[in-house]
Amino acid sequence: MYDLECQSLTKRFGAYHAVNNVSFDVPRGSFFSILGPSGCGKTTLMRMIAGFENPTSGDIRIKGASVIGTPPNKRSVKMVFQHLALFPMMNVGENIAYGLRCQKENKTDIARKVKSVLERIGLPGVAEKQVSQLSGGQRQRIAIARCMVLEPDVLLLDEPLGALDLKLRERMKVELKLLQSQFNTTFLYITHDQSEALIMSDNVAVMNAGQFEQIGAPQELYNNPKSGFVAGFVGDTNRWPGRISAVNGGEARVALEGGHEVVAKLGDPGLREGAKVEIFVRPETISLTPSLGANRLRGRVDSLLFNGANSRLLVRTGGDELVEVAQGVMDKTLAVRQGDEVELSWRNEHCLAFAVAG
Amino acid sequence: MSRSDASKLTLFLLFTPFVLWMLLLIILPQIGVGYLSLREKVGPGDYTFGLGNYADFLGEPVYWNTLLRTAWMSVLVTILALFAGFPVAYYIAKVANQRSRAALFLMCLVPLWVSDLVRAFGWIVLLRETGLISGALQDLGVIRGPIELLYNDITVIIGLVYTVVLFMIVPLVSTLDGMDNSLLEAGYNLGGSRFTVFRKIVVPYAMPGIVAGSIIVFMLTAGSYLTPILLGGKNSMWFTEQIYEQFVTRYNWESGATFGVLLLVFTSFVVWLGLRLTGQSLASTVAKD
Amino acid sequence: MNVAAPQSTAMRWIYLAYMLVFFLYLAAPLVSAAIFAFNDSLFPALPWKGFTLDWFFGSTEPMLGLFHDRRLMEGLKNSVVIGLIVSTLSVAVGTCNAFLFERRSFPGKSLLYVLMIVPLVIPGVILGISILVFASMIANGVEEVFGWEWDFLRPGTFLVVIGQFSFLVTIATLVIAARLRKFDVSLEEAALNLGASRSRVLMTVTLPYLTPALFAAFIVSFLMSFENFNTTLMLVGSDAPLTITMYDRMVKVGSTPVLNAVSVFLMIGSGLLALLSIFAQRGKGQA
Amino acid sequence: ETLRLLTWGGYAPDTVIKAFEAEYPDINVEVTLSNNEEIIAKLRATGGSGYDLAQPSHDRIMAAQQEYNIYKPLDLAKVETDKMQENLLDAVKTNTTIDGNIYAVPHQWGTSGIVVDKTKAGDVKDWADLCKEEYKGRTSMRLRRTILIGMGYSLGYDPFALYADPAGYQKMLDAVTEKMISCKSIVKTYWNGGDDLSTLLLSGEVVASEAWDSTAFKLYDQNQNFIYVPPSTGALTWIDTFVIPRKGRADDAAYKWINFVMRPEIVTMMSDSTGAISAVKGGIELLPEDKKAAVKLAFDDAAIANMRFFANIPAGLEDMEGKALERIKAATSN
Amino acid sequence: MYDLECQSLTKRFGAYHAVNNVSFDVPRGSFFSILGPSGCGKTTLMRMIAGFENPTSGDIRIKGASVIGTPPNKRSVKMVFQHLALFPMMNVGENIAYGLRCQKENKTDIARKVKSVLERIGLPGVAEKQVSQLSGGQRQRIAIARCMVLEPDVLLLDEPLGALDLKLRERMKVELKLLQSQFNTTFLYITHDQSEALIMSDNVAVMNAGQFEQIGAPQELYNNPKSGFVAGFVGDTNRWPGRISAVNGGEARVALEGGHEVVAKLGDPGLREGAKVEIFVRPETISLTPSLGANRLRGRVDSLLFNGANSRLLVRTGGDELVEVAQGVMDKTLAVRQGDEVELSWRNEHCLAFAVAG
């Protein structure tokens, strides 16, 4: 059973397709993210679901029933806004009670529910505080509580962590996921930050220019991207342009612009000899011990970007590609210095080729 | 010269004009008026001190009736200006698209810069017995003879609302402009009807603007002279006119000063009351440009 | 979709209709005043007797046009002179005040700030009489004690300037302070850091940034000085500004179409100035 | 140098100013329009400075001078008093002599009475007739002391006689106030100056009104239906004068002006503008023809005999009148 | 030779010590970062160096000469402001020329220098553009050029990347480092983002509550933190409270609150038996293959936080500690699922104990 289904949703502003023929289903109780760069149409999609925009075409169903034509205040989807949109003229308790008041619940019920939801989000006793007295993370949780107290079928969250600072954002990622499993509500989460999407979601849709490029579990997107855009957008990766010199089954030989040749899995079955492609190799799949696979590149260590567990080696190859390498940098098994000659290698299956867009 | 000395010197230099202005043009003159209001005339060129002028005010119903009338009509005008201006401000700030917004705001402002006198004069030309409206109504056959639309309270109120409504709209536009649409969206999303959203979100949000606009409008109305005089004609009766009369027709500066003090105290009281009731402060509303 | 706008078509039309009515209301007196400036009649009233520009350019009685009416032109000149002086002063002092309140901290600041706003809400008549009374007290005192005749403290241009200045400073201060508040102090620090002296920072960074506001404050002050009546009425001497001349004309001579002509002139003039100030404010320096 | 005149509307017509400036090229005339009350108020505020020549009515000088000391004594040697009609000069002198100093000389005189459109309000004969129900919304007055006194006469009092009896005067004022308040709904509006009144009459909005005869005479020229009616209880007669403010700075120019406007051809120009009769000898003869006709039409011998001169008003009474006027002003009608 | 020396610098605001007795030296041409949480006094420290605040006590020397009392416009330290503070009323060229004009250089020199610095930052030909026409990263470089054209002894940078978006920030980190080595000028860099500090700096000072906790090279801070604060702030880490049960040389047995016992290196030589401590173990040092060291913990997999190369396993131990584990999560050598029992282990030297503050 799906809490939310979108079928061929399209939204045009004038001639511009902000959302273009998007379909997806969100199963009950799951955490679904939409990940895409700024301006790709994420917010527009969410606003259609919430009822603030009318789709140009397509259908939206909540718990199986179409909500096209239902005004926003009659839909059982609640929304956490990017800048939270907590009401500044009400205190915390009133903010949370607002929706209940709109439903004309009686006073004692409201008080009880507000109290209980504040406890569930771990902020008992803040009801009397002003919104401005809370920290960023606390406000975040109040915004969620304000929606959850209404027991919506679906909770929409539009980049809710965007305004928070680094450390808090890290913490809130985990916390949000916990809240979701606690409330056991369907979450539809929008973000342009891949780590948020990957960490929290059961399923992620990668969106680009109004369209969904791929929908799948985080691991699937990371390990089996279906397009160059997904490969480049989800997770860090090296990315070099090249041209296919030979195709052999699911693999191709690709001549890089710098002159080297690598073997890559075809991301796109339709690719033929001579096609311009981009090659994607993740830093953590590249090894300095030349044993791992058929792909080898020689180069000189350009610099070491020390960043604890995320340290990187920058290796400049003869063909002038700059290669980011993550593996073996931190385990002191291999001590390299700036200027050293090294040989890089990776397995063929870790190297993907996709057609260059356009 | 050390840095803190320099900074003290510039502070002093910045303070001087402010202090001179406040002291010489605002505070001392007000004290002067207060002082004058306590001077009682005994005979030609002969004065003593006392509250006689205030007693005279209380003893003469014409005076305090005028003050009360001025006050309640000003309150009425303020309320009407709020009701007339709010939808307009809301339209400009929230409904109109970006381009027409500027144009509409400009259209609102143009009458603001034309003097009160011209505006009142415009109403006279429009409403007089031989004016456009009377003429138009006759042509349309609604009325048979010419009708006089001037010289009554309704006209005065219409004219006053006209002269002040823009001072209501400007602060309202600037507060409503600052209201993020996502607040409204959140209001609907959480199940609020249009009315609920308006009452619980829009109005409270606009409150500083409403209060600022109301204070300015109330003070302007209570202190206005031309519009009630010119449009009210024989029935004007406005407290500023009383002050003017005392100074000019009666050359009685003492009682004129008394009236001035009373007007200031009374209107300040009303404003203070308004601020108290809405929980706002002068600095946070009127000063917020 | 704009959630703030009415959603139903009917409501949208009703709202639009209201806006239309409101703008008609705004325009009505101005338009009717303007129309009769061109009526070839001795009265600004119906019936319409044909189009004429005599009320602007006529040079003979009884249709003596605005531009040939000595007293009106005299009034106009006085208004302009007073306006220029008052605006210059207000902008100068307003700038000082803006720096004082936006940049400095000193004990009692919030109280003084409220005091600074107060002239805006004191009725104009009261400002007028208080300055009249105070100036007379000083003038009389000085005359009695020293025998000096300080005529500038008697009703006249000086007092009019002072009276208008007393509340226009507040407006100028608010306009300038609003922009100064948006000014990022780190710009000044950056300039200092790059080696500029304090005065150079002021001239090359701070004032250029403030220019639109100074300009707007000047125009706003000028317009408000030009149209001011209540304060001026109590302080005016023999060289009355245009509004007072017009008022005298209106109550003592009755409404004649030359007043309509003046109105048209004022509408066009102040409309243009207001436009100018708005463009100045949004023009440059927004980056 | 500048001659700053503080005077009534019409008392400094452009034609006269031009002629004056042509003759005295170094003098520039500036005019401020005013009325009795404002003249006093202005000069009180300025302590007698700011203006070089003012023109209050003869009955309003003494009290103001005693209280505020705003005028300076005239040097009659500089005024061509021999051109003035003697009875007017004497009347003004007696009214304005303080401590042996004379403060004013006459300029023009006239009466206050009623103007009617004879085709529409032929039966208005006295002050109280302005309050007739049939003229509702068609009459006007000037809400100043003249109408109080006129109405006093209409109600059977003798106001000038009551000057000596404040209590009696107050009683009269009370009666007049009541009458005026009840009259308020009849009156269309109160007028402020002669031209203001002309506009009301010419536009047809008003058919009968209290008026200065001078205004009425001017109107007659434009429309012969407007005639001046000396009230049956007597027209109230005023003399507008010349006085020099205490701190006037252009006394010479002021005297020049006073003498200038007594020249016959100037008198005619002046009267054409004001409608009033100059205080020079043979003033009536110097009126322009149309005005002369209007005067003839308005005043028969009986009316002339019935004229009542404004008497100097004692200071205290002025306050009583002021209050009465305020009450009337403040009363609501409709 | 040091370009910048600070000795016992202190700044009090009223009774509040914003900067408390801070001393450090920055060698010529090096990249020195100050890393600390928001509000710790970083900006205050920098403003004292630039001359916008007077130190309450202490000395600041630039190229050996004290600058106490020198007004800001006479100091040869230039500053890149957090929001850049480019002059909006001047175009790019004028912005860069501003400092030169203040020095009254002649026109041709100015033009030449502006041109050359624009080339060096890789933006030739933008001199005529308005600041508002540039992208965030370009503005960043203009702000640096504006300072560098004056050839300062020291360049101060106050969180210059704070306002940029995620992907751009990543790129600018590398670029800034390149610019510094190109100009070969001493950089003093402020940030609260540890990855910025670690990647770019030669030396980092970790600041907390107005004081420096530790100064050192990035690797040193990461691998040998000298305080609990540094251990926790620099890099991700697990952190459990406990109490020392026995001290043995440089190592101690620590009883965790949940009942387990671990062996940890003493971060603090003064720690005695019975002391309350916190234990720090980095996720990437914890292994699921129980062979690495003396420390073992059993637990149950709570959840997998998938984040590509940065994925984490959350393991809940019997003692209810939540352990973040990074090693072995991504190499598919070990397939664990939610709910599986696992044994965690790590080397003693990867486990540090610091006294609990306060």
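Points worth noting:
Labels for the chains are A, B, C, D and E, by order of writing; each one numbers its residues from 1.
The definition used in the following text is that contacts are C-beta pairs under 8 Å (C-beta built on N, C-alpha and C of every residue); 3 or more make two chains touch, one makes a residue touch a chain.
In UniProt terms the chains read A, E = Spermidine/putrescine transport system, ATP-binding protein; B, C = Spermidine/putrescine transport system, permease protein.
What you see is a predicted model, and the numbers here were worked out from it, not measured in a lab.
When the C-beta pairs in contact are tallied for C-D and for B-C, the bigger tally goes to B-C.
Look at where the CA atoms of subunit C average out and do the same for subunit E: the two points lie 55 Å apart. Centre-to-centre separation between subunit A and subunit D, using Cα means, comes to 91 Å. Put simply, the C-alpha centre of subunit B and that of subunit D have 37 angstrom between them. Across the assembly, subunit C contributes residues 3, 7, 43, 45, 132, 255 that each touch 2 or more other chains. Multi-chain contact residues, meaning those touching two or more other chains, occur in subunit B at positions 128, 130, 185, 188, 247, 253. The multi-chain contact residues of subunit A, meaning those touching 2 or more other chains, are 52, 71-72.
In this structure, the chains touch in the following pairs: A-B, A-C, A-E, B-C, B-D, C-D, C-E.
Note for the complex: subunit B touches subunit A at residues 180, 182-183, 185-193, 196, 200-201, 204-205, 207. Listing the residues of subunit C that touch subunit A in their complex gives 1, 3, 7.
By the touch rule above, subunit D contacts subunit B in their complex via residues 37-38, 40-41, 44-45, 63-64, 66-68, 137, 143, 184, 187-190, 203-205, 315, 318-319, 322-323, 325-327, 329-330, 332-334. By the touch rule above, subunit C contacts subunit D in their complex via residues 42-43, 45, 61, 70-71, 74, 132, 136, 139-140, 143, 149, 151, 154-156, 237-240, 248-249, 251-256. Considering their complex, residues 2-7, 15, 18-19, 22-23, 25-33, 35-36, 43-47, 92-93, 96-97, 99-100, 104, 106, 110, 112-127, 129-134, 137, 162, 165-166, 169, 174-175, 177-178, 223, 226-230, 233-234, 243, 246-247, 250, 255, 259-260, 262-263, 266-267, 270-271, 273-275, 278 of subunit C touch subunit B.
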